[in-house]
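Presented sequentially are two complexes of chain A, the first with chain B as partner and the second with chain C.
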Partner chain A sequence: MIHRPSVDWFALAPALILLGASGLALLEAVLVPRGARKVVAAATTALGFLGGIVAAIWLYVDSVHGERVIANALYRDRWAALAIVIVCCVGLASVAVSWSERMSERHIAEYYALLAAAGAGMAFFVGAANLMTLFLSLEWFSLCLYVMCAVDSELEGSLEAGLKYLIVGSFGSAALLFGSALVYGATGKLGFVEIAQATATGGLSHDALLVVGLALVLAGLGFKASAAPFHMWTPDVYEGAPTPVTAFMSAATKTVALVVALRVLVTAFPQEARLWTWAVAGIAVASLAIGNLAALVQRDVKRMLAYSSISHAGFMLIAVATGTPLGGRALMYYLIPYSAIAFGGFAVVAARERELGVPVTVDNLAGFGWERPFLGISMTLFMLGSAGLPFTGGFVGKFYAFSAAYDHGWIWLVIVGVVATIVSLYYYLGVVRAMYMRPAEELRLAAVAGGSPPREALLQAAVGAAFVVTFGSFFAVQPLIELARHAASSLPF
Partner chain B sequence: MLRDWLPFLIYGLFALVVPTSMIVASFVFAQRPARRTRARGLPFESGVSRGAMKHQRFTISFYLTAMLFILFDIEIVFMYPLAVILHRLAWFGFAEFAFFVAILAVAYVYIWRKGALEW
Partner chain C sequence: MLGPSVAWYLGVAAFLFGTGALGVLLRRNPLIVLLSLEIMLNGSNLALIAFSRHHGNGDGQIFALAVMAVAASEVVVGLGLIVALNRKRLALDVDKLSTLRG
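The block that comes next holds the complex of A and B.
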C-alpha cells in the first residue's frame, strides 16, 4: 500500500485561492471580449487577494500551535500566516496601483494572472518546511516576477530589467539550489527540523560541506532580499520595471525572503548560530553602508528608493542576525510599516510618472507637494518613515531592531545603524525639499501634461491605505507587537 | 533478489543487441565501392550530411510548437506511472491527477485562443 499524505487543504487555502484567481484571469485573457478584459481580470485578481487575506487571517487565528502538515512539507503556523497577510495586502494594493498604469492592452489580463500567481508562490514559500518546497516555491514566484518586469515591452528599460532580473535571479536560485544540495549531502535530510537533528546527533556543526551549503543558502536568500553584496541587480531592475511591479517587488519579495531566511536559519541551523549570526551581521552592515551611501548620489527617485530598500534590508537583517525571539518579533513588526512605506513611495512615484510621462527625478518632483496635496503629504510621511522619525511605524521598527541587537550585546551594530539613519536623512529629506521648497516654474515643468492631473481614485486609495498603516503602526504599536510576538513564538528559538 | 533484476537484464540486452546488429548488418550486407568515392561519403539512408551547415532561417512557430509539445509531453510522461499504480492510489490519485490535468487544460485553452497553435 502506498502511503498517502493527509492533505490539510485549509493550510493550502491562501495559495490555492490565489492560484485559482490566476488561472481564471488567464482564461479571461482569451475568453472575455477585449473591452471588458482588463476590468474582469483586475477584479478577479483583487478578489483572489482578498480571499487570500481572509484565509490567512483565519489561518492565523486557527493555528495557535504551529505544526507541519502534508507529509511535513509545509508549516501551518502564525509566522507564515502573518507573512501571507502582508503579501496579500501588498498584492491587493498593487492591483489598485496597476489599474491606471499606461500599459499595453495586449497582455493586461496576463499581467494580473502573473500577479496572482506570484502571490500564490509567495504564500507557499513562507510556509516551506523542507529544502524541496523552499526551492520549488522560490522559483514559482521568481518566474512570475521575471515576466512581470518585462511585461511592458514598449516601456524603455522594461525588457532590460526583466532580462537582468532573470539572469541575476537565476544565479541566486542556483546558489540556493547548490547550497541545498550540499546541506542534503552532509546531513542526508531535507526537512529543516531533520537537518538540525541530524547535525546535532552527527556532530556535524563544523562539517565543511554543511557550512558551505549554509553560506550558499544564505546567499540565495540574500539575492531575493536584495541585501548587499547580493544587491547589484536591484537599482536597475527597480528602475526599469513598470512602477507597480517595482512597488510589489520591493514590499512583498523582501518580506517573504527575510521571513523565510530567519525561519531557515533558526530551524535548520541552530547549531551553526555562532557562524551565521556574524555572517548576517556582516551582510547587514554591508547593506546599510552600500544602500545609504549609493542613495545619496541618485537623481532618479526610483533608483534612490531602490537603494533605500537595500538599506532597509540591512536594518531588518540586524534583527535577523540576533537570532533571538526579540529579533524575530522585531523583524515581523518592522515588515508591517516597511511594506507600507516602500509600496506607498513607489505608488506616489507612479502617480507622478503618469502625470509627466518621463522617469521621475528629484528635480522634476518640484512643486508636486503643492499640486497634489494628498500625495505630497503621503510621500512626506513615507520619507520620514523610511528615515525612522517618530510618529511613523518606521521609528518603532528601527528602535525594536536596535534593541534586539543591544539585547544580544552588539552595541557596535546599533551604532552602525544609527549612523546609517543619520546619513539617510539627507536623501529622504531631499525628496521632501524637492516637493515643497522648489517652485515648479523655476524648472519649467508645470505644463508638461497640461490640464488637471488624472484623478486615479484607486491609486489614491492604495496610497491612503499605506498612509494609514505607516501612521497607524506607530500608535497601534502594542497590538501589532502582540501579533508579531505570537507569530515569532512559532519559531524554535 | 537477483531474479527481480532478470527482466531488467533482458531489457538491457535487447537495447544492446538491436543497434549493434543494425550496425554490423550494414557493414556485412552493404555493397559499396572499396575506393573512397563521393557516394561513400554521403550519409547512409537517414543521417546528417557532412560539411558546413547552411544558414537557414526558421519561423518562430517551430520554437513555439516545440516548447508547447514538451509541456504536454510531460503530462503524458506522468500519466504512465500513474496508470501503473492507479489501483493502489485509488480516488486520491485520480483527483490529484485530474487537478494537474485541469491546470494544463487552462494553459491549453489559453494557447489555443491566443493563436499559438496557428502555423
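The block that comes next holds the complex of A and C.
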C-alpha cells in the first residue's frame, strides 16, 4: 500500500491553468488551420494568463494563514499568490505585445505555448518549499525562456542570444544545484523549514558545507535576477532576444527570482542572517554600480534598459538584504511599479523597432515623442519612474527600499542608493531628450521604413496598462502597501 | 561493508563540478561547453547520492533522478540551438558569436 500525499489542487491551480493553456496551444499548432492558428493560440494563452490571475487572486484571498501543502513541497500563501498575480499580468501584456511582432508564422503557436509554460513554471517556482521543487521549477521556466529567446531565427542575434542564455543560465542553475547538494549534505534535509530547524538544533550555523552551499544557492538565484556580478549575460540576451520576450523576461523573471531569494534566505537560513545580509548588500552595491555606470555609455536602447534592469535589481536587493518585514514589504511593493516600468519600456522599444525595422538606438528615437504622442508620453513616464521621480510608483518603491535599509541601520547603503539614483537620471533623461528635443533636421533621420505602419491597438493597450500601473501605484500606495504587508506577513521573519 | 567515507565522494563531486565549471569558462566549442554543463550537473548528482546514503534518507536520490531528467531536457534544447546555428551560418566557436556586444 503506497502512502500518497493529499494534493491541494487549488494551490496548484494557477500553474495548472497555465500548463493547460500551454498544452492546448501546442495542440492548436497542429490541429488548427494555418490562417487561424495565430489568433487561436494567442487567445488561448491570454485566457490562460487571465485564468491564472483569477486563480491567484482567489488564492490570495483564501490563504490568510500561509501553509505548506502536497507533502510540504509547496507553499500556499499570500507571498506566492501576489507574485503569481504580477507574473500573470506581465504574461497577459506579453501576449498583447507579441501579437504583431514579425515572427515566422509557421511556429507561432509553439511560441505562445512556451510563453504559457514559462508562466506556469514561474507560478510553481514562487511557491517552492524545498530545494528540489526550487531547482525543478527554476529549470522549468528557464528552459522555456531559452527557446523563447531563440525563437525568431530570422532575427539576427536571436539564436545567439538563446545559446548564450542557455549556457550562462545553466551555469547558474548548476551552481544552485551543487549548493543545494551541499546544504542537503550539511543538514540532511531538503525542505526550507527543516533546514532551518536542523541548523538550529545541530549548531551548524558555521558549518563550512552549509555556508558554501548558501553562497552557491545565492549565486544561482543571482544569475536569474541578473544581479552583478552574475549579470554578464543580461545585455547580450536582452538585446538579441525578440523584444516582447525581453519585456517578459525583464519583468517576470526578475520578479520571481527576487521573491524566491527572499523566501529562501529568511525561511531556510535565518541562522546565517549575519552572513547573507552582508553578502546581499554587497551584491546590491555591485549591481547599482555596474548597472548605472555601464548604462551611461550605451547607445542601443535595449542594452541601456538591460543595464537599467540590473540597477533595479540592486535597489530591490537593498530591500532583500535587510531581511526584515519592512524589507519584504518594500520588495513586494517595488515589484509592482518595477514590472510595469520595465515591461512598458521594452514595449515602447518594440513599437519603435517595428516602425523602423532596425535596432532602436538613442539616435533613431529622435522625434518619436512628436510622431507617436501617446507612446512618447508613456516612455517619458517609464523613464521618470525608473529614475524614481515623484508621481510614479518608482519613487515610493525606492523610498520604501531606502527606509528599510535605514531602519536596519545601514545609512551608507541609503547613500549609495541615492548616488546611484542621481547618476541614473543622466541616461533616463537622455532618452526623453532624444525623443523630444532633437533639432528638426535630425527628425528626418527617423524616416519610417515602408510608410507609416498601422497603429497597434494591442500594444498600445499593454503600454496603457503599464502607464496606469506606474502612475496609479503612486496614488494608490496605501492599498498596495497593505497587499504587500499581508504578503510579507506569510514569511517567517 | 563500509566503503570510503562521504568526504571522498564529496571530493570527487567537487572535482567534477570544478572541471565542468572550468570547461564552461574556458572551452570554445559549444558542444564541449554543453558537455561541461552536464559534468557540473553530474558532480552535483554524485554529491546528492553520497549524502543521501550518508544521512540514510532517500530524498537526495529522488532529487538526483529528477536532475537527470532536467539535464536531458537541457541538452535537447542546447543541441537544438547548436544545430540551428550551424544550419544558419556559423562556425562552432563561442568566441566568434559576438554580434551582440557593446
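Here is the rule we go by: the second predicted complex is superposed on the first by the 484 of 493 C-alpha atoms of A that agree within 3 Å, B and C clash if a C-alpha of one lies under 4 Å from a C-alpha of the other, contacts with A are read in each partner's own complex, and residues count from 1 in each chain.
In this text, a contact is a pair of C-beta atoms (placed from the backbone, for glycine too) under 8 Å apart; a residue touches a chain by one contact, two chains touch by 3 or more.
Please read these numbers as outputs of a predicted model, since none were measured by experiment.
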So, after the overlay on chain A, do chain B and chain C clash or fit? They fit
**Asked** When the two structures are overlaid on chain A, which partner does A:R78 contact: first (chain B), second (chain C), both, or neither?
**Response** neither
| Looking at the overlay, what does A:L163 touch: chain B (first), chain C (second), both, or neither? | second
Geometry row: CA centre of chain A as apex, chain B and chain C as ends, angle in degrees (steps of 10) is 30
Message = For A:L31 in the superposed arrangement: first (chain B), second (chain C), both or neither?
response = first
Open item on the list: Just to be sure I read the superposition right, which of the two partners does A:D236 touch: chain B = first, chain C = second, or both, or neither?
Closed with: second
Chosen between chain B and chain C, the partner touching more chain A residues is C
Query = After lining up the shared chain so the two structures overlap, which partner does A:L143 touch, if you call chain B first and chain C second: first, second, both or neither?
reply = second
Item to complete: Would you check which partner chain A:R4 touches, where first means chain B only, second means chain C only, and both and neither mean what they say?
Response: first
Min C-alpha distance chain B to chain C after superposition on A, in Å, is 8
Chain A positions within both the chain B interface and the chain C interface are none
In the complex, chain A touches chain B at residues 1-2, 4, 23, 26-27, 29-31
Residue set of chain C touching chain A in the complex reads 6, 10, 13, 17, 20-21, 24, 30, 33-34, 37, 40-41, 43-45, 47-48, 50-52, 54-55, 57, 59-60, 62-63, 66-67, 70, 73-74, 77-78, 80-82, 84-85, 88, 94, 97, 99-102
In their shared complex, chain A is touched by residues of chain B numbered 85, 88-89, 92, 103, 106-107, 109-110, 112-114
Note: in the complex, chain A contacts chain C through residues 131-132, 135-136, 139, 143, 146-147, 150, 153, 156-157, 159-164, 166-167, 170-171, 174, 177-178, 180-182, 184-185, 188-190, 235-237, 239-240, 298-300, 303
